[in-house]
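Here come two complexes built around chain A, the first alongside chain B, the second alongside chain C.
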Partner chain A sequence: MTIRVQDPGLETTVQDTGRLGYYSIGFPPSGALDSFAYHVGNALVGNEPGAAALEAVYLGPTLEFTQDTVIAVTGADIPAFVDGEEIPLWESVAVSAGSVLSFGQLRAGARPYVAVAGGIDVPLYYGSRSTYTLVGIGGFQGRALRAGDELAIGSDARDPKAGRRLNPSDVPVHPSTAEVHLLVGLHSYRLTEDSLARFTDTEWKVTPDANRVGYRFRGAELEFVPREQPFGAGSDPANVTDCGYPVGSVQVPGGVEPIVLLQDAVTGGGYATLGTVVSVDRDRLAQTKTGDKTRFVPVDLDGALEVRRDRHAALDRIRSALS
Partner chain B sequence: MGSHKITSRTPGVFYHRPSPDADPYVTTGASVAEGDTVGLVEVMKTFHEVKADAAGTVSAFLVENEDEVTIGQDLVELET
Partner chain C sequence: MTATDTDTETRYDFGGDEFVYVELSPAMSLPVHFTSLAITRRLAEEAIPGVEEIAPSNASYMVRVDPDRLHPRDLVRELQRIEGEVGSLSDDLTIASRIIDVPIMLNDPWTHEVLMKFRDRHQDPTGTDLDYGARINGYSSTEDFIDALAASPYLVTMMGFVPGLPWCFQLVPRERQVEVPKYVRPRTETPERAFGFGGAFAVIYPVKGAGGYQLFGSAPAPIFDGEQRLPDFAENDSVVFFKHGDVINYRRVDQAEYDDVRAQVDAGTWRYSYKDLEFSPSRFLADPDGTNAAMKEVLYG
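Now for the complex of A and B:
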């Protein structure tokens, strides 16, 4: 039972919940950038949470299934077709042996996910099937898919069934200006008060440098408080003595073009971290594309924890409704 | 005679040529067949070839070299 890749799209990778526990030795977690779309996809096709799925970006792949199975397409708003017939998103669909899944032009969002009953069966690497393409590990041969690849499908689907559908009120919308919550901190004191306010007042535009490692934005210039260069720090005013970068953290090299780190994050370095995007809001960033806008809405720690609790509660509710 | 516009399938930066020193893929007045490459869009440090989805003669470039483009944006106009 396999999936044959007829066309890989722009960059389609195998992802799961990620490779947790190795950050301290320089291993980012990888895993699905839009974890909500990924988890709902697995629930729709009757997989256990954590089964591996496919994540595409901008251009969907063209995939042929060699056996009858059940799939679900979630995430970005993109026309998806089985043998040329458009299929609903956020709903499990039966496909027959020889059927071909293909995609049209993205309407909104950036990343479609394809969940398959049984999950994508690639070897576990350090506890995860997620692809980390920068160093070529995990996933399918450590890389994005190519035409001609054959992906094995796992056989341990709990309860594959077509016609499971996410309640429309739970389907995320992808506005062209995304709002994400930002917990200000670590080195926010390095920015002038004006600049910190400017950061949260600005609509930042996503540049073409926006991938699984991080998103780079343009929109304003930020100034740092003058200081004496500390021991171990670089000479740029944005430099601090090296530290670990949280996933979701924001650095502003040179005071221009802030970077938000995502699941394939650089794990540490010497740029001041002015805040961290709340983990569940990274899903929203993952569904913005080059040219879209993002606003960072400050939140305190209690507020950040609440945002996360709400999301986890929503996922639990959705999982039990679909089971 | 009609006209046809080739659109971008990804957001990114449009390039007329395969590399800075190379000749452009096509110039105004050139005839292209369906499937011919007419430019590149760079996004996420990968280059995606823009293919003609119709045959015709290039009548205009609707974006400049190195312009940022969005999904669905018109890139090249063909006389068909």
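Now for the complex of A and C:
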């Protein structure tokens, strides 16, 4: 049983929950950028929670299934078709041998996910099936899919069944201005008070430079507090002595173009960071596209942990409802 | 050992809901780095449930925590306790290290071609990165500066950015250390295996890509091997070669030797030359040049 890639879309990769445990030698976690869409997809088709799925961006792939199976499309709001007939999103659907899944034009969001009963079977690389294209490892031959690729289906199916449906009230909406929670800190003291306030007051626009490594934004100019630079940092006011970057951290090289690091993050470097986006809110960033707006809502540690707990509780509730 | 001009209050902070960031000092120094190493080593030994990953770095470290098992505030209390406990033990610290011979061609044609394309992003658009580094570090000639870069070994004080990249801090007293800024705006292009310098750190870029460090040279041998083709990677079952705590001796090579190493890499026969050693920070700090000479003796015989 395989999936034949007729058209890969813009950049479609195999992703799972990520490659954890190697940050200290420079491996970012990788894994699905929108973890909610990824996890719900697996729950809908009846997979084990860590089964690998496909993540596309902007343009969906065209995929042919060589055997009867069950699939679910989640994530971005995008018309999906099986043999030309539109199928519901956030719902498991039976497909027959020879059927072709294709996509129309994106309505909202940025990244559709395709979960397949059994999961995508590619070799585990450092404990994960996730693709990390920056150095060309993991996933399908370390790269985005190409036309003609044949993907094997794995054995992570627990209870494949068509007709499972996510409660409509649980389907995420993708507003044109996304709001994400930000825990201010790390090197935030390097920015002037005015600039920090400006950061959370500004509606930031996603630039074309937005990918799995990170998103760059434009919208305001931020200033650093003048200081004599500490030894080892380098003389630019945005420089700090090179240190680890949390996934989700926000850096502002040059003061004009904040970068939020995502699942393929560079794991460290020497630019001042002003805070970190709460982990579960990275899902929302993953569903924004070039030109969309983002607002960073400040939150303290307790608030960040609450946002996390709420999301995890919702996912647990959804999983048990679908099982 | 005590930190001298870098003796400051340790700063604990939260990187969102999943990371705790600990900055021992805003400035780099070996005593601060070794303290960070002693703390992260003890933390690893204690295997506290909820501590998922420990990433030691130059003058700071980072811990990924599972907040569902360990509240980040409780983790900070544990880290403060450990910092208090290891402070007095640092003199006994030793690092299981290797001294490694790493061929490097400085002022090479490949990085030169790239750096000339990005003069508009550089502090000094009229010269080269090496000329600029020599001038701001007070060297009378670029050749003297190149000599200083390769004169003494470096300690790997951090790994990351992308898999396998070593941040290397030269094992010389502060007054002999080189320091340069990163590019005003990062380049969109850096050749694979480029030897760069930023702040007080030398790096080798494992793969091609963006980068903001000054470009000084090129290493002929790979430091990342995703398919573990070369024996150094296959035998260690790792896709990266360097490890935190390694001592690297950058040895200048000419184009002929560079090409020879490249040919060995292509043939799949290339091996780094290295020797295991116990690195004692307190011994090094007491006698930097003597320790360096002894380490080179171990490596080259």
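In this text, the second predicted complex is superposed on the first by the 322 of 323 C-alpha atoms of A that agree within 3 Å, B and C clash if a C-alpha of one lies under 4 Å from a C-alpha of the other, contacts with A are read in each partner's own complex, and residues count from 1 in each chain.
Heads up, the rule we're going with is that a contact is a pair of C-beta atoms (placed from the backbone, for glycine too) under 8 Å apart; a residue touches a chain by one contact, two chains touch by 3 or more.
Everything numeric here is computed off the predicted structure, so don't read it as measured data.
Colleague: Using the touch definition from the top, say if A:L10 reaches chain B (first), chain C (second), both or neither.
Modeller: So A:L10 only meets chain B here.
Colleague: Once the structures are superposed on A, label A:V57 by its partner contacts, choosing first (chain B), second (chain C), both or neither.
Modeller: first
Colleague: Could you tell me if A:G291 is touching chain B, chain C, both of them or neither one (first, second, both, neither)?
Modeller: A:G291 contacts chain B only, not chain C.
Colleague: Touch test for A:Q105: chain B only (first), chain C only (second), both, or neither?
Modeller: first
Colleague: Applying the document's definition of touching, compare chain B and chain C: which contacts more of chain A?
Modeller: C
Colleague: In the overlaid three-chain picture, which partner chain does A:S279 touch, first (chain B) or second (chain C), both, or neither?
Modeller: Only chain C is touched by A:S279; chain B is not.
Colleague: Just chain B (first), just chain C (second), both, or neither: which does A:G232 touch?
Modeller: After superposing on A, A:G232 lies in contact with chain C but is clear of chain B.
Colleague: Touch check for A:P208: first (chain B), second (chain C), both, or neither?
Modeller: In the superposition, A:P208 contacts chain B only.
Colleague: Of the residues on chain A, which ones does chain B touch that chain C also touches?
Modeller: Overlap of chain B and chain C footprints on chain A: empty.
Colleague: Using the touch definition from the top, list the residues of chain A that touch chain C in their complex.
Modeller: Listed in rising order, the residues of chain A that touch chain C are 20-27, 126, 134-137, 142, 183, 185-186, 230-236, 239-244, 246-249, 253-254, 266-270, 275-279, 301, 304-305, 307-308, 312.
Colleague: Write out the stretch or stretches of chain B touching chain A in their complex.
Modeller: Listed in rising order, the residues are 9-13, 42-46, 48, 68, 70-72.
Colleague: Give the list of chain A residues in touch with chain B in this complex.
Modeller: Those residues of chain A that touch chain B are 10-11, 57-59, 105-106, 208-211, 289-291.
Colleague: Flag every residue of chain C that touches chain A in the complex, lowest number first.
Modeller: Going by the criterion above, the answer is residues 6, 13-19, 21, 23, 25-29, 52-62, 64, 67-68, 71-73, 158-165, 167, 174, 177, 179-182, 184-186, 198-201, 206-207, 209, 212, 224, 226, 239-240, 244.
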